[in-house]
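Labels for the chains are A, B, C and D, by order of writing; each one numbers its residues from 1.
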Amino acid sequence: MTHDDILKAAGLTQDDLHGGTLAVHSPIDGAEVARIRETDAAEMPAVIARAQGAFRAWRQVPAPRRGELIRLLGEELRAAKAELGALVTLEAGKITSEGLGEVQEMIDICDFAVGLSRQLYGLTIASERPGHRMMETWHPMGPCAVITAFNFPVAVWSWNAALALVCGDPVIWKPSEKTPLTAMATMKIMERAMKRFGDAPDGLCQLVIGGPAVGEALVNSKDVPIVSATGSTRMGGIVGPKVAARWGRPILELGGNNAMIVAPSADLDMAVRAIVFSAVGTAGQRCTTLRRLIAHNSVRDDLVARLIKAYGSLPVGDPRKATTLVGPLIDHASRDRMQAALEKAKAEGGKVHGGRTVTSGVPQGGAYVEPAIAEMPAQTDTVRTETFAPILYVLGYETLEEAIALQNDVPQGLSSCIFTLNMREAETFLSAVGSDCGIANVNIGPSGAEIGGAFGGEKETGGGRESGSDAWKGYMRRQTNTVNYGATLPLAQGVKFDF
Amino acid sequence: MTHDDILKAAGLTQDDLHGGTLAVHSPIDGAEVARIRETDAAEMPAVIARAQGAFRAWRQVPAPRRGELIRLLGEELRAAKAELGALVTLEAGKITSEGLGEVQEMIDICDFAVGLSRQLYGLTIASERPGHRMMETWHPMGPCAVITAFNFPVAVWSWNAALALVCGDPVIWKPSEKTPLTAMATMKIMERAMKRFGDAPDGLCQLVIGGPAVGEALVNSKDVPIVSATGSTRMGGIVGPKVAARWGRPILELGGNNAMIVAPSADLDMAVRAIVFSAVGTAGQRCTTLRRLIAHNSVRDDLVARLIKAYGSLPVGDPRKATTLVGPLIDHASRDRMQAALEKAKAEGGKVHGGRTVTSGVPQGGAYVEPAIAEMPAQTDTVRTETFAPILYVLGYETLEEAIALQNDVPQGLSSCIFTLNMREAETFLSAVGSDCGIANVNIGPSGAEIGGAFGGEKETGGGRESGSDAWKGYMRRQTNTVNYGATLPLAQGVKFDF
Amino acid sequence: MTHDDILKAAGLTQDDLHGGTLAVHSPIDGAEVARIRETDAAEMPAVIARAQGAFRAWRQVPAPRRGELIRLLGEELRAAKAELGALVTLEAGKITSEGLGEVQEMIDICDFAVGLSRQLYGLTIASERPGHRMMETWHPMGPCAVITAFNFPVAVWSWNAALALVCGDPVIWKPSEKTPLTAMATMKIMERAMKRFGDAPDGLCQLVIGGPAVGEALVNSKDVPIVSATGSTRMGGIVGPKVAARWGRPILELGGNNAMIVAPSADLDMAVRAIVFSAVGTAGQRCTTLRRLIAHNSVRDDLVARLIKAYGSLPVGDPRKATTLVGPLIDHASRDRMQAALEKAKAEGGKVHGGRTVTSGVPQGGAYVEPAIAEMPAQTDTVRTETFAPILYVLGYETLEEAIALQNDVPQGLSSCIFTLNMREAETFLSAVGSDCGIANVNIGPSGAEIGGAFGGEKETGGGRESGSDAWKGYMRRQTNTVNYGATLPLAQGVKFDF
Amino acid sequence: MTHDDILKAAGLTQDDLHGGTLAVHSPIDGAEVARIRETDAAEMPAVIARAQGAFRAWRQVPAPRRGELIRLLGEELRAAKAELGALVTLEAGKITSEGLGEVQEMIDICDFAVGLSRQLYGLTIASERPGHRMMETWHPMGPCAVITAFNFPVAVWSWNAALALVCGDPVIWKPSEKTPLTAMATMKIMERAMKRFGDAPDGLCQLVIGGPAVGEALVNSKDVPIVSATGSTRMGGIVGPKVAARWGRPILELGGNNAMIVAPSADLDMAVRAIVFSAVGTAGQRCTTLRRLIAHNSVRDDLVARLIKAYGSLPVGDPRKATTLVGPLIDHASRDRMQAALEKAKAEGGKVHGGRTVTSGVPQGGAYVEPAIAEMPAQTDTVRTETFAPILYVLGYETLEEAIALQNDVPQGLSSCIFTLNMREAETFLSAVGSDCGIANVNIGPSGAEIGGAFGGEKETGGGRESGSDAWKGYMRRQTNTVNYGATLPLAQGVKFDF
């Protein structure tokens, strides 16, 4: 399909695509595929006011009924899966299977959120006073800004929006300036769901497109109590304190520097498969991409040799082709940062395999690279820095304690894993003295989380949690209630105050 | 008992009390009762390093065993209740019953935390992939700074410390500069518990005394992942963003501007009792003190008349006397702020009852005041500001909707309540369109929470939660685990990546 | 539509409907609409063996994938709602709105169960021993027999089946002999879902039709660990001990004798509406039907007068007509039992309003009755007995304590409610000294539960719980796991055993 | 200490010990140590009525206050630990460390239950209807009978009583006729706690002593809604259906036939230690005693050889001696059953090591035996039968699947474990296709559960759960509440019923 075919199939009209100032390029070939209208920062107060208006209505809609909207969204996403997946490929450069997988994740979170709409459980609590009853209830919080990154241009919105909407919060979405089209197409799908739903309030789901000024309006507004931001640690380091300073609640999903420990007993065939997928998938541009391989010295050389071989066979190229496994980087700047990191790694004593720019057999105009393996003498500054590209740094270790120390000795704390068949090693890795990450896996790579668990990480990853478990509590306000139905007024802790 | 008797009974030695630079005065009579040593800011790195060292050991101690330390602390507190309560009275000026009640609250939270030590439940979660298992585990987080205010000089520490210690986190306590003695006495009690416990690591519980420099060392250190701060909104507005900026986790319990709505159907006898206790108790110096009375116009005059009468009979004076209900303010500056607020209220059209300085029948040197009632024409700036003194602003209302709007139209969001016998009103107040506070009660005042519920508030109150429910999660890190025990590597969301 | 049209629209073929021995009549007109094949008791071992075979496969299918089957079932039910609803009307005699409502309830539980498929949460638990980890996991249990009654011919199956299937348990359904056709039609819908699903194991969902011998095979088989039975207390009193005796798990939903207390402050307009719907809806044939009205003496006469008036206006007749509110009883025997109960009530001093057989303006052959109100002098034996027909016994009371005592003084414990605007009364009714039922409502009738809460009752109602909350645990087995990953073997409780 | 010294130290008076008809013997030497009064079956109605009276008061006592009683019980148990432990040794024959461990378990459950007293959490649930609120509350249930066995003469009572009392249920304890003295001594400890507590209602904790007639009165009374019975499968098979038949709730903890799988990768040193403790501890008389060893063929011979050696060194004898590891069986009948089982095992082809009666070096009059190892050719009837004595049957296996099939192929389902260092084996054992027991461990034996997890088993073990997790729900009744605070009456599932 041509770019235009894909855009059209995803429901984007000529009017949507033209007449604006923001140029959108496809990473496949660098072609400009649209020039769209941006939201003027001056419009933002009205946007936020509409969300507040929607909130006053939506919070009164029963949660199971709110869930019905998300159920319809899931149905519409199922119907539009192929088209939206193709658009993800076009705009973000993901391979076809991953483009579809991203939409599947949206569908999964809808299913989850529908069930959740009857399970936003608070607690009833025994009071210490006769004639009293206590409970904890969770109420809608208010408008939720969702700031997303290019690499999951639609799924991250759905993680937040499905939960926020079920929780009673209107959503204002600011996608990456690099991927506004998938956002626009998603909004059209959402509008179909809302139309079938019937009486969703105006302003319930809004999309704003633009740069820092638009984002700052959300970050700084007291009328946007929740700001969920996915992106770089640098961005999050600005957003978090600003939101905190005006008493808002940030939900931050920032950088990762994810490692795999490969122990002597590991199933190396499985490890190789897991490493290649998690280091190379999405061209190394997932926040959960495997970036550091910490291999026991007894298996390290064997493992590296296998990886070099596997890397050699990976088809790099047009992500629309079914056989491609490595699509383009998002842009040329990204490729340049990758090259710079590899140079730095070499200067630090690293031995680099692969990593070259690919120009033949690929669409011209795109930033295609061979994924790289860099055998490092130590965990250098370069290793400790997240470079959003397919570079896998390899380190050796002798004891598990040493491996865990290496794993933890980076500023980020998102995802981690160990490959081992030894239950003592596996359990230690998951224990209080093991990985310090928000995600810690055994015998699967660091990427590809299921939506049933809480997703997010510690340290510079920002501490936020999205998706499963009780991550929904991040979108609601908790209220502790004590109800006295007796005719006396006993005080807690036995205090007496009689006048 | 004399001041010296109380100090001695609480275990404070001459060496503890003298030789330092920080003068401690009793609000009872303004007498300087000690001049104690302050922690030098230069010592703080060593303090924090000791806490980190303790953390490495303590996180490996099984939680139920950690609970045993808190059980012993509870036993020691029971044994020292009278003496510590008396010291609270001496140093914070609380009346005797409240001084004892504060220690009781420490004891209650210990009992709660002991049970909790076996109930730090994470989840096991069904995976979408065959041969996979998911779970969520909660691990110790690291040292927890606890910054407390003068008005609950010991209970707030215990709320945090009992949970933090059970959760595996060492504690560094910085009490208010106005109330270091109760902190020192509490540490002696804790030391007795640790001695009986046997093998608590060095640095598990530390006390630092001093001003902003000491606090800032905690707020700014990356090695103190949790900072629990109780105090003014102004303080929290500085601490929160700073902690966020270095990727720490703030738990903020800041100002309240707590209201009671009195509906036409209210049991006025009960309401009067509740108002007097919650507006006047602790001389109006609780974060949950009742500050705003929103009375239905049909009952307002009657209610105010009753309150004026009740206020007239309240014994103001020496908090050590069993009959006293209103002790001193913490200091003269506080009294001056109260007088200034009353002047402002008058300037805004308010009619003030009471509020005068009391000088006869009270110990000389203390800042004693009559509690004040200020009938206000509207919710003015003064009403919307928390003044830490016994001023009760009275407003009228006609519809419940209007009353709730008034209740919510302040920057703070801590505690709130309604007095009504009408279930529709009660339920509406607790619903999504009701109070926007973290605490919302029916037929009891806003103060005096039980430890079984989560304690804290929204908006400028800071959003933190302490004490009951799952507030303990604020002291731990969540880890999502996926374990693959099969021999294949299926990807989530049906993604395919075969090479 | 004719009976035949309805049968055909619901997908039942001539082959389904003829050639058997079990005559099925429509309560609308008593017409025999089918003569279907019964399951031979001799086939039951094979049926159960197929379920066991399905269990061995299904328990290994990940729960979220099992949820996908239920999602598809929900989709198919949505598509077939009108047709299945009409068949419910035909076979059970429910009015159209209730026939559709029953299918909606099936759809709702499917949505709920889909979400649940990722939320079958067990716990991770802190161990008291170093190097140990504890958790609690929930595993599939085995085949689940679902024995349903005529009055909810399809919804009750779905409550059980949606949960059981998501929990990993195959289902064997034995519907009432009076309503096998709705079961057969539902199975066809399920089969469409299974076909789309793809690889559901053979024997996952089975239907057996027949009388006591078929039921007993399920009740007595060790290979059917769960028996969920809905019906009379008499039936449950036989099933429960039999299942218990062979170490199975009964889930019993038996008779109710549900009351409403109407307090002096009640909104009588609402109460009248609620009473009429819950006493008369489904012609008084819900397990949650309102059977006892306990009205405060100050409102009793007024209330009865209003009810008599309302009852007089209720359209009795063909349930297929949009205006009908009272359809037929299930059969003439049921009508006879109603008449006998009314005679007994009169003999006990009751004053009966309505209750006559209706023969004009209704389809001939059906058992149509006027709903009855019986003002009773006391809670007699007749009142304490559940008669499955629209009889509302009215009692008076003076104090709330007395009203609650009356409410509780029956052998059944299913549903209950109070109408009051007084929060003290409402809360007391819900407290430990209030209603002893599994369901207790305020200002809504006893019938019409939402699927989000656990459904079921105490005492002779059988104690089972279905539907929401953690009722799913009834379909799984709990396993407590302790994992030692250390190299030593400490014993719990500090026991020493060194050899 | 002499028997009399122990009895006296435990607080039993001459009046307690003499004048009755029930002879109590010490298994140490068979000596009759007391002849106590039995409860006449005719007294049981009064006993139960007292419990019902206590219930009416106790259910209104706030749960945290109820927790205070258990806290005091824990304190009193701590104070009496040595004396009660010694009495356990005297009356049940447990070695000293186990006698003390049993009391420690009582103390642990008290600590747990105290915390639980504020954590009897129900749920608040979002309603599908506007103006509605749902919640689930847990209320006290009524008197709880606790029928205990000789082998845990006091701990099992405490597991039940601590929870039941915190849950609001009075307790009637019927101990084994073989161990009434420990029960009497425990009651004295409880009475001290109640005295300090102050206002516990009369009849809150009762003890009845006697045989089947006394037990049957509890089993058959409608006024005893909960019957928690620990003992043989035979007993439970009678109690369960009887309680079910009168609509009560049985909590059954019956027989176990617990296995350990030892895989090729197992740490054999650890395995040997675990086997010996769990097969021989308490002279094989725990419900969780290891009875079946399923060893991989590659390690079986080695393992058996090590065990034979270890068994040879185990000191059999007077349980009061610090060095003794194997005390007496409870009585000579028990020894005879052991001998009969060993004879049967031999007849089935088993090779028996040890198992002889010990008469030298042990107190005369007691039933002392060598623990036995029986290498079996297959899982015969004898192996599949629980014999309450230290017999360890050994079986071999080749594949894990086979081992799990052997493990599961017994009628009982209490406890189980695997020793392996292979994480795939460990996880498989804990998965849906693994152990079918209520307890499944890795690298620890089947006995010695911590109180934090739910304790109990499946199949003929009876399905009950006690102790940790949400086992407390077994002692309460669940109530689902819907509260309508609006002025309209919407029906669930969109049903319309307008008249």
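As a working rule, a contact is a pair of C-beta atoms (placed from the backbone, for glycine too) under 8 Å apart; a residue touches a chain by one contact, two chains touch by 3 or more.
Chain labels with UniProt names: A, B, C, D = aldehyde dehydrogenase (NAD(+)).
Computed from a predicted model, the values in this text were never measured in an experiment.
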Option in A-D, A-C or A-B whose residue-number contact pairs overlap B-C by over half: A-D
Chain at maximum distance from chain C, centres defined as averaged CA atoms: B
Centroid spacing, where centroids are CA-atom means, of chain B and chain D in whole angstrom: 42
Centroid spacing, where centroids are CA-atom means, of chain C and chain D in whole angstrom: 35
Centre-of-Cα separation between chain D and chain A, whole angstrom: 48
For chain A, residues that touch 2 or more chains besides their own: 60, 64, 108, 117-119, 123, 125-129, 132, 136-137, 423-424, 426, 430-431, 442-443, 450, 452, 468, 483, 485, 487
In the complex, chain A residues that touch chain D: 60-65, 117-130, 132, 135-138, 420-424, 426, 442-443
Interface residues, chain C side, partner chain D - complex: 59-60, 97-98, 100-102, 104-105, 108, 123, 125-129, 132, 134, 136-137, 139-140, 168, 237, 240-242, 244-245, 247, 249-250, 267, 270, 273-274, 276-277, 281, 310, 313-314, 325, 426, 430-433, 435-444, 448-450, 452-455, 458-460, 462-463, 465, 468-469, 477-485, 487-489, 491-497, 499
Residue numbers on chain B that touch chain D, as the complex places them: 64, 67, 71, 108, 111-119, 133, 423-424, 426-428, 430-431, 450-452, 468, 483, 485-487
